[in-house]
Amino acid sequence: MFLESKEEVIIEKEEFKPLIVAFCCNWCSYAGADLAGTSRQNYPANIRIIKVPCSCRVNPNFVLRAFQNGADGVVIAGCHPGDCHYSTGNYFTRRRLTIFTNLLDYIGIERERLKVDWISAAEANKFASVMNEVLEKVHKLGPNRKLRDVRWKR
Amino acid sequence: MEEITLKTREIAYKDLSTGKVDRVIGFAKGDFIYESNPTFISDIDELDALVWDSFCVNNLSKYLINELKDVKKIGIFLKGCDSLGFNQLVQDNKVDSDNVLVYGVPCEGMVDPNKLKKDNLLKGLIDIKRSGEKILLITKQGDKELKAKEYEYDKCINCKHPNPVVYSELLGDYITRNNNVVDDFQEIKEIEAMNSEERFDYWSKQFSKCIRCYACRNICPVCSCDKCIFENYEPGISGKGKVDSEDQFFHIIRAYHVAGRCVDCGECSRVCPEGISIDKLNRKIIKDITEIYGEYDAGLNTSKSSVLVNYELEDFDPFESIKGGK
Amino acid sequence: MSCGCNDYIDPLIPQIAVIKSIRTDTKDVSTFIVEKPEGGKCFDFKPGQCAMVSVPPIGEAIFSITSSPTEKNFMEFSIKRCGKVTEYLHNLEVDTEIGVRGPYGNNFPVNDELIGKDLLFIAGGIGLAPLRSVINYVMDNRDAYGKVDIVYGARTSGDLVHRNDIFKNWPASVNTNVHLTVDREEDGWDGNVGFVPNYVKELKFETNKVALVCGPPIMIKYVLLALEELGFSKDQVYTTLELKMKCGIGKCGRCNIGDKYVCKDGPVFRCDEIKQLPDEY
Amino acid sequence: MKKITLDKLSELYIRISQEYDLFVPSDEEGVVSFTPWKDDSNVDFDVLKTNLSPKSFIFPQCETLFNFKSEGKKLSIERLKNDENKFLIFGVRPCDVKAFHLLDNVFLREPMDRLYEEKRNRGTIISMGCIEPEDTCFCNSFNIDPLCAQKGVDVFTLKIKNNIFWKVETQKGRDLTVMLSGLLEEASEDDLKEIELVKESLNSKLEELPYFNIDPQKIDRSLIELFESNVWDEISKSCLGCGSCTYVCPTCHCYDIQDYDGGKGGERFRCWDSCMYSDFTLMAHGNPRTTQKERFRQRFMHKLVYYPNNFNEYACVGCGRCVEKCPVNMNIVKVIRELGGENK
């Protein structure tokens, strides 16, 4: 009896470490992440970066699957509008994700869990601050339970 | 109604016999008086089967994709909402409008047999006649007059396009519908007004009813992919498991895949065997598009590409958090 | 009892088996030798029967068992790389554990109709896999059967599988002839060139024998015509059919041809039985 | 024959739910389906066709076969613990009970489907006869008497005016009745007369049904002739290829087996599948049913020809759900008619 209650306390105290999946555009944001690393910017370790050729490559399926299979927050980062390596890719991203983030919000998913931002190759600072901000907000929200697949095991 | 039935037969006869079309797609009566079904007629001797009444609810335009593989020219009867779907099919390059003659039929709204059934009005029903805002039930027990609005399909009650937006010939006269709607998006705003937990509960309850029959997808005039992502069972792409996350995945992705192209015909909700209000997802997207990118015109304007395959340099940007900041 | 592991056998749950070795036959066919983890064959079967091979989390697929039932210690599966499960299998290494369940389906009537008869085996490509089980069974019980002819063809000589058997073991057996053919001329091939159905016709077999045919659907179709031309009647010819399967036990409802389920009533059909079935395979 | 008045039903529910997981047809937002009974359940015994058939109690839309874990070269398989709760479904209509029997033919045939068998054993069925058939009913075409207990029913009931009449059919039903002693009273002579009257009046109601003439026995062509018939081209045209008919059907039983990869382990599950879907028979090397016509034909040939060839019974019970649910009103009745299955 005594042992059991002790165990419970330990479980409760186990700290929640959010897992963030970041889809980063190869040409800007990924390079930004790189620069943040080499210039020793502080950004959290529990961020998994997935390199994509362009932010418009990010299919909403990816975002949902990320949430289902472990992510507590998702970041999509691309070049600033106008700076797209493929000229127009992120203009499409902007429209699509405007609609998609609104839709997720409408379904009842907290807006803070899906962050879209424009981070250029030079903005190491911004990369770190966006990641920190997302992590902080997601930490406050707690683990993502709404979209998680119940069959998934951490 | 009878008058329009005669007109449909007349025009089909004319065009089939002169070879202007090889086949017509219209409606024929089914087993019950309250059932009109899609029918495909190539033979002028079969034209007596054609009807037009208060139960011609299906949008026939999606059949064009397959039927045009068979024959060259098709004549098709379309209502206002159907014609939007047709336009979208044309815009999506699924149907070549040169091969289609659209017989437009202005529509006063279709009657929902389920609503009649709920009020026990189907027993002994012989015929049903519509004039304006009234419907007349002719039954074995005598006639009965009803307010049309109360027995129309939900999707018809606030119809914005009673008249076909595209047609080669128009059968009947233009109709004006008394629309008392103050706010098109009232229902959407009610959901938006909830907090996120309430919204999540609302949608979870809706989605959990889903049996994944894909009727909503298959009836949809703009769900016209040759191969659907939900038929791709490579591990991890789409799964058939009955768990909340897969239901969410299906509904979110389905709604998103028709974003900007949905013509708001409401067929998805009508056919859902579980009564999920699927159209409230689509309408949320329509609302957002209207608010952010201006007048929503899917199915109205075939010359302009859909909202989400388009962009403008000055589009609203909700994402930019910190400007500059190197 | 509380773990739910009751002693009954759930037919949908595979048993664990281990890949003991992998033999690469051609560039896209490998033969997997499979045993129980503690050694020995997973289950007994008859020649021509199939087994479900599971590779979680990719899925399951049904394969015919290539080895003869007379092989006491292991089972073999010759598998061609063509879909997601087979692709995954081909990337596995020796000693990997997989799931196996079976045996499923009927078998070639090696102990009834075939006894004492002259046998003609006709195979194309990977279609040798199910027939090899029968051939080796016949070889191990050689006295029970008459003369054996084996016609086997593939696209190129490089696509011929079970080379040890077709070049060495079988030609060396008594009263056994192996006739090989490839589709097109190629350097270093001095055997016959031409499609299997034509070769069967050229070889002018006597009709006093039973023919067992397996290969791609199009080959089967023309071989059956060729055999008919040679004077074989439909009840002298056996072949195997294959359709999509999930359960393997005639319940999931997708491998039916008319009222027959390939997993349960097949995969071996006598051609006069096939004649009764609708043309949907 | 026993009976209970409607006002005592809630007491009955409470008693039953102490021993069983109790499911009743209840109305939620206008949709009637079998749901777990609660104090505030809006029980509806007047709607004949629940939205989905009760087949999901014995053949759920999705169920886990086992969990697996694959680490490196090791694979482990772990069976799930069986649910041991007894459950009871109250108010299953004779057509749906018959459908259970049709599923039994498939699942309980050797090799027996253990998950199905286990659910079947845990379940108790209280059936309820139909005294007001609906327009879309045609169970009589399959020789189902809506006022008689089908094989497999534990207790058969009839709701007439203010009473529910209660007839025990099996040992399970007897045990249940003993458990409910005190709540049920003996039916009187007058009651029995009333039941007879209801039975008599039903026949004329059945004869007036629009589908009364449907008779699949009249389909007299051979399997091959039916398969090759050109009616399929015409009648399959309007079919959208969705699975609503299959999924609401009480007798459709095709399933798919899939794996879920859940990171550190996963599960293999089986779930409903529909022969109407384009990927149903898709293999790595092709698909024997390439168009909707073939898939449509498969569904109805299975119900009307293939299944009867194997089990001597039709795989349709005339519940009429597909008639109500099909988005384009194409249904088995029209198919039977086209194939000649009608008494003229």
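Which chain is which? They are A, B, C and D, in the order written, and residues in each are numbered from 1.
Here is the rule we use: contacts are C-beta pairs under 8 Å (C-beta built on N, C-alpha and C of every residue); 3 or more make two chains touch, one makes a residue touch a chain.
If you're wondering where the values come from, they're calculated on a predicted model, not measured in any experiment.
Looking at B-C alongside A-B, one finds more C-beta pairs in contact between the chains of A-B. Nearest to the global CA centroid, when each chain is reduced to the mean of its CA atoms, is chain D. Averaged Cα coordinates give subunit B a centre that lies 51 Å from the centre of subunit C.
With centres taken as mean Cα positions, subunit B sits 37 Å from subunit A. Centroids of subunit B and subunit D (each the mean of its C-alpha atoms) stand 31 Å apart. Look at where the CA atoms of subunit C average out and do the same for subunit D: the two points lie 39 Å apart. Touching of two or more other chains is recorded for residues 256, 258-261, 266, 273 of subunit D. For subunit C, the set of residues that touch two or more other chains comprises 57-59, 84.
Within subunit B, the positions touching two or more other chains are listed as 235-236, 241, 243.
Going by the touch rule set out above, the chain pairs that meet are A-B, A-D, B-C, B-D, C-D. If you check the complex, the residues on subunit B that touch subunit D are 30-32, 35, 37-40, 58, 62-63, 118, 122-123, 211-215, 217-219, 231, 233, 235-236, 239-243, 267, 270-271, 273-275.
Listing the residues of subunit A that touch subunit B in their complex gives 60-61, 64-65, 68, 81-82, 88, 91-92, 94-110, 116-118, 122-123, 125-126, 129-130, 133, 146-151.
Across the interface of their complex, subunit B is touched by residues 29-31, 51-52, 60-62, 135, 210-211, 234, 237-238, 240-244, 246-248, 256, 258-261, 269, 271-274, 277-279, 323, 325, 327-330, 333-334 of subunit D. Those residues of subunit D lying in contact with subunit A across their complex are 260, 262-267.
Residues of subunit C that touch subunit B in their complex: 57-59, 84.
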